């Protein structure tokens, strides 16, 4: 198990390097220019000097190397400095956004809380709703509940969030006036009342996103439960006189969760980047919105960094999924 | 061989399956009894309804698609077929133990075997964790797993096939059941391992004295361990006798053919094997004629008209055939056994 | 006929055949060992003979059969079929040799492509190796179907529409299509119901008689092997423990493993079963990735000796036509066995 | 004691060579049934498919949508771009069954035109993803040497953050492609390529898994023992047998592509705004959600129902193509 | 209530759906940045909603009369009001203005507002409160530098290390500039939210009324409008370019009001006077090849007459637009009335004009032709829902009079991006007609009118830089522009500008369509809003208050 985990970690290093190169090169091809925001009246040679100041003059390999160094060395150092008040990274060149000229990572850190609150919470909620639905649908396959569940989850899967989002805003913000339509990213939760406010502003985006999560995870759960309900060991458990609850919720569920848990883990990276549209609709200016504005503003360092952070997350959670799989399944654990 | 009152009495059990293509009459009016301490062997080709019969007894068939049309199963004076789920659950695993064919898939892969053995103990015998553990060790030792205490925490995949089957047996024996139903427990195993298991069962039977139903399609296994044998064909019992009687004087054409087709490691070597031509019956309707008639050399008009009842053909021996082998002629008006 | 050493060149010569599957493990997935599925197997099969190969699950029977047909790239040894070296032939040469050697598989369901009709399945070898016209091919397919006892009307059906025995006939027809001389039957009856097994075995025997085929008949059913084989090889953990003419082997097994195996077979006769005294082996077959030192069988052998744990016995001819790999039959200088074998005879031949 | 009891010796057993096969009415009937014209695989699948109500509805609806979108312009000849200012913002009526938009363009006509684009994107992107996925899956499953590298490639693509990359790609190549082959075809190609290239991986993985399993199946071994070369092995034995997971991926792929296209449209990176797709109609409609709800209901329902139909079709296909289920 | 103590009205919520990425207006030309900064940074003088100069950090506007502007119009002297302090409590001095000039004119700095200092030769601090701006030549309208929200004064102490190339790197300063305005920045989150609070050192007693401002970004125009008009979560939303009926519907909820400020923005169709034929290769759209038919003013007049401008307003602009026939519709004194007949939709007149010009439909395919050449135009614009609607309508109207029209729309970032290598920029003008909006900031049109001089024509040799997009060239016009720069008297200037405007419109260089207002919405409870399109919309935010 340990070698298995280690092996997976080792493999992910070259994967990440290749990905970083791919992302870097792809974006180098982009026609983006840090000077696109600079007015036309500024003379060309000034622009050229400004470009060089941003390190654009150097050959690609050098820039790639610098970027890697900044990403893997300088930025972590900065993080350490930030936490412990040290000054390891003092004077090191950080990755700067072309748009705002401020360190990319600072903005990312600024955006993280709302993304985690909203998108993360929606994922948790979605999963929590999905599991019982999946279990019950499988247990009562082809029952009315199952058919309805299938239908609703497929609808959930097929309605684009830019539509469902606006719909809930119209219903709950405008008609009923229950929840705010604009998410306040500066809101600080420090009391019960402010927590209620936070809840109220989270409910709609969470609802929209959770619908999608629920739709997908419940399908997985159902399929996995169905697979396992037909297994011989279920019959054994029944033959031992175990109650249905024990059979389904202990024996079958435990086995069915193995693939589902990994699917859940694989969905986590999506939290950070997959909710672009929902963020836009509810004005939750999180990571997704950051990415889209960076793309529109041709802010290459920001796009590069964000894309690569996503890649790191995906690789990381893949790893986690693999390891979880091993932990949950003794057949792999003792391999 | 102790011959006392039956612990299990099955009368006219009929089970059908509802499938997309119609009904499948898997078990048709099966009646038999099982006496304390005896080992009843059940043989028959694949699909003859052996497993369905046994699973019907204690409600292990999923309903739907299965439906138990009629019949009674008397166990300790109560009819299992009319018992509610909770009642059945109290009997399953406690009074009646089950061992299934495939030891590879019949154990839950994610729980340690100790846990799986302890489960029925804790439920039926209300043992606490410690007691259950101690009993589990005892059981594993009983079925001959060395170093039992240490292996409680192991997972099924860490055991070999033979050992897993022993674990299955340990689970079935956990609550000292009165009846043990073993559905082809050695089919998936190698001969040398099978020999080990058979030996173990013989042993346990002597020690614990429970009644056992042993399903197999290997006549050799039956010959080795059974007291009585039932032969099933097309969802019915076509012949039933004490084991020696059955091998010595088979009185149903199917049994006779079956005995002929199997070559032996020691007996005479036939130049050609005899074969039973034809296909097993398609069980889409309740039988209104002899299910074996298409493959039978003794067939005559009566076979097409009526499903033969089980005729008594000797002491404790009956066969469902209109042909009288002793007289080598069609049977006259002989009283049906059942 | 019983022995390859009768002067006639055997059709199949297998010498020290080895098939090791590498095991990769550890951080870098280095090769850390091998599953020695077949580890030095030697035998001959003469023209028209049937060699039975028996043994417990996982002992390497299938691997052996497949390695002989070069379905695997073997690790060592040589295989000659009809005078041609199969083990080291190049791809094209091998392709040309394919028609002489064919295989019938264990699971008739799995060995037929569910998406091809019977006619296409049987015609596939013809497509690959002959230039027959369409009509000729159809004629040949029908001919083959007649030969294996399949109704020609079934030619356009799919495998799932057949019963197990009929499916196995399709597999046999396919194997026969190119007029092979040697057929490896890899447990052709294991997946069939008892009442159908006999049909297939009879068919194989008939075909052997009429076409002069040579079989390597792999099975774990000792009684069926007794019926069909002329000589029998008993395999244990990748090696042949004993190779003897059929009657000798069943009447007087030499190797302790053979003895145990025979005694473990349940006898479909309650009288005999009650009378016999069985040799019950304890324990399980060790993993072929990690076989015991010395003799393979030493962990379970009832007559294990000290030497068995140290030295792997040679596979030698101890009596005419009878080969065994066991220290019990080690000869002293004068050529006599060191210890007298005590064959436990459980049955007598009539 | 080893001999059989002698009175069993003379048992005549049916089918023993000498014995003639006895009269067998049921058997005859049975073989009569069996001899009927060989049923094709397709028929079987269809028969099974028919029993799945959802799938039947799905297939029916999908065919309906396809026909509507292809033949719609013949039956409903209004131009999707024709402006009838006087009729603007009219609700559903006889002249405009789905109403008109803020410029008086007929929404039915726009739905038909939009559906054509959306479905074309869905189908082509799916086809591309399937082609890539199957190719890579088969190659890596079948050729052990390629396996490592191809699977790494698949992992790599799986580890790429897709939506961001898709967005970046749209941004990067949109203009050069537009310049090269015109705005509509350019964007079409880009959307299709983008979605196709970023969604083949699950198919590849599934196919590879299946191929690996198939390779161990005895019929492949049988073909090998016949000497069938790799190329024909793949086309004859492997591909037909991986069909069912591929078909199922296909249905999911269509749904996925339609939704992704609408998301791109929403983010303003899809087709030009005057080029209707269901996604862009829906996006434009959301602004009018309160006053003219039908403007979102029609495209929204079209997307959802198509996705739903295709998903149900996939479910049905999965069942129909699974021999374990079909065999029952 | 309008008066009271500072911060009495709690929080003010402003919704800018495009969020600012910096608060230094000198580093970004974007409206959103400039306006967000205008809460903090202030110029010496602002423009009111009517375009009049309002003294802001000075007590009096310098003129020739009061001696603030030198007689030869080459210098202007500003005197700062007494007691103005930065929000950190330090006094505002003339040095800060001098520094601001240095900051923006540093050749390394890439200042976005450098045009405000065009012609400025020197800025000096005569004393702590006196700033003297010297021009290189006479400047009839000297109110450019330090006037309006785009050239506010920044604090020397804060920015002195940020000159030139280092300017963009002073993140701290750029995100939290210290200003003299009513609010100070508490937190700046790029592209997200800005939190301000009332400036304790603000010079006016009892202002601002709001204790804090929440300046939210993100979403889209519809969402912003909804938040003010329908849910009432926000008090003010900016730039609501939505179809008028949507806004009207939202307004019906009764929570807010849609307002529009008019400046000089005119949505117009520029008419290419040169030939964009692709077969010309590099000489495409250059003065070497005059356009084959658009140089005939009658054709352009016909196209103009055939447009129903009121319909365009109804569909696309509503309250935020008025039909216009002038390229310069405001301020009042510059607005011509000579072209107003185009306000009536007159397709028949258009047809007659085309007939007169010799364009008839000889082959009966519905498209007019002349000498074998079809009257067919390519009409491009940027991608934007309203523009595409307008395009579609105009296309249909033109096809009614027999003009074949092909539409093209190009993503705004490319179209306005100015990349010399892209064929799709508005400067390259590889089309017959193109539509966009342009305006000028401030109230003096001199330099704006000068952009149609022959010398301003973009071309390959000037890297396609140049303001004269239609490539209109007339000696008469150039002479008139020169005359304008010599004229001081306001009346006279107005006359000249009107003439220039008429020359452009009647000469067929431009088809003005709509005088565009800048629509915004504010809550009914928000008082004091006076939208100005000449300055920041939030120019008088210090006077805003909550109506209780």
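Labels for the chains are A, B, C, D and E, by order of writing; each one numbers its residues from 1.
Here is the rule we go by: a residue touches a chain if its C-beta (ideal position, glycine included) is under 8 Å from a C-beta of that chain, and two chains touch if they have at least 3 such contacts.
Given the structure is predicted, the values throughout are model-derived calculations rather than measurements.
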Any chain in contact with subunit A as well as subunit E: D
Contact-richer chain pair (by C-beta pairs counted) among D-E and B-C: B-C
Per Cα centroids, the chain farthest from subunit B: E
Taking each chain's C-alpha mean as its centre, the one farthest from subunit D: E
Gap in Å, rounded to a whole number, between the CA centres of subunit D and subunit C: 45
Gap in Å, rounded to a whole number, between the CA centres of subunit D and subunit A: 27
Centre distance in Å when subunit C and subunit E are each reduced to the mean of their C-alpha atoms: 91
Separation of subunit A from subunit C, taking each centre as the mean of its C-alpha atoms, in whole Å: 56
For subunit A, residues that touch 2 or more chains besides their own: 31, 174, 280, 298
Per-residue multi-chain contacts in subunit C, two or more chains: 199, 269, 271-272, 347-348, 350
Residue numbers of subunit B (touch at least two other chains): 247, 257, 259, 264, 266-268, 272, 274-277, 279
Touching residues (chain side subunit B, partner subunit A) in the complex: 58, 60, 85, 88-94, 97-98, 100, 102, 105-111, 119-120, 123-124, 155, 157-158, 168, 171-172
Touching residues on subunit D, where the partner in the complex is subunit A: 54, 152, 155-156, 158-161, 163-165, 167-169, 171-172, 175, 255, 259, 262-263, 266-267, 279, 282-283, 286, 289-290, 296, 300, 303-304, 306-308, 311-312, 315
Residue numbers on subunit C that touch subunit B, as the complex places them: 56-57, 163, 193-199, 201-202, 205, 220, 222-224, 226-227, 250, 260-273, 278, 280-282, 284-285, 346-350
Subunit B residues touching subunit C - in the complex, by the definition given at the top: 45-46, 160-163, 190-196, 198-199, 217-224, 243-244, 247, 257-259, 261-270, 272-277, 279
Complex interface listing, subunit C residues touching subunit D: 66, 69, 71, 94-95, 98, 101-103, 105-107, 110-117, 124-125, 128-129, 151, 153-154, 156-158, 160-161, 171, 174, 178, 199, 269, 271-272, 275, 347-348, 350
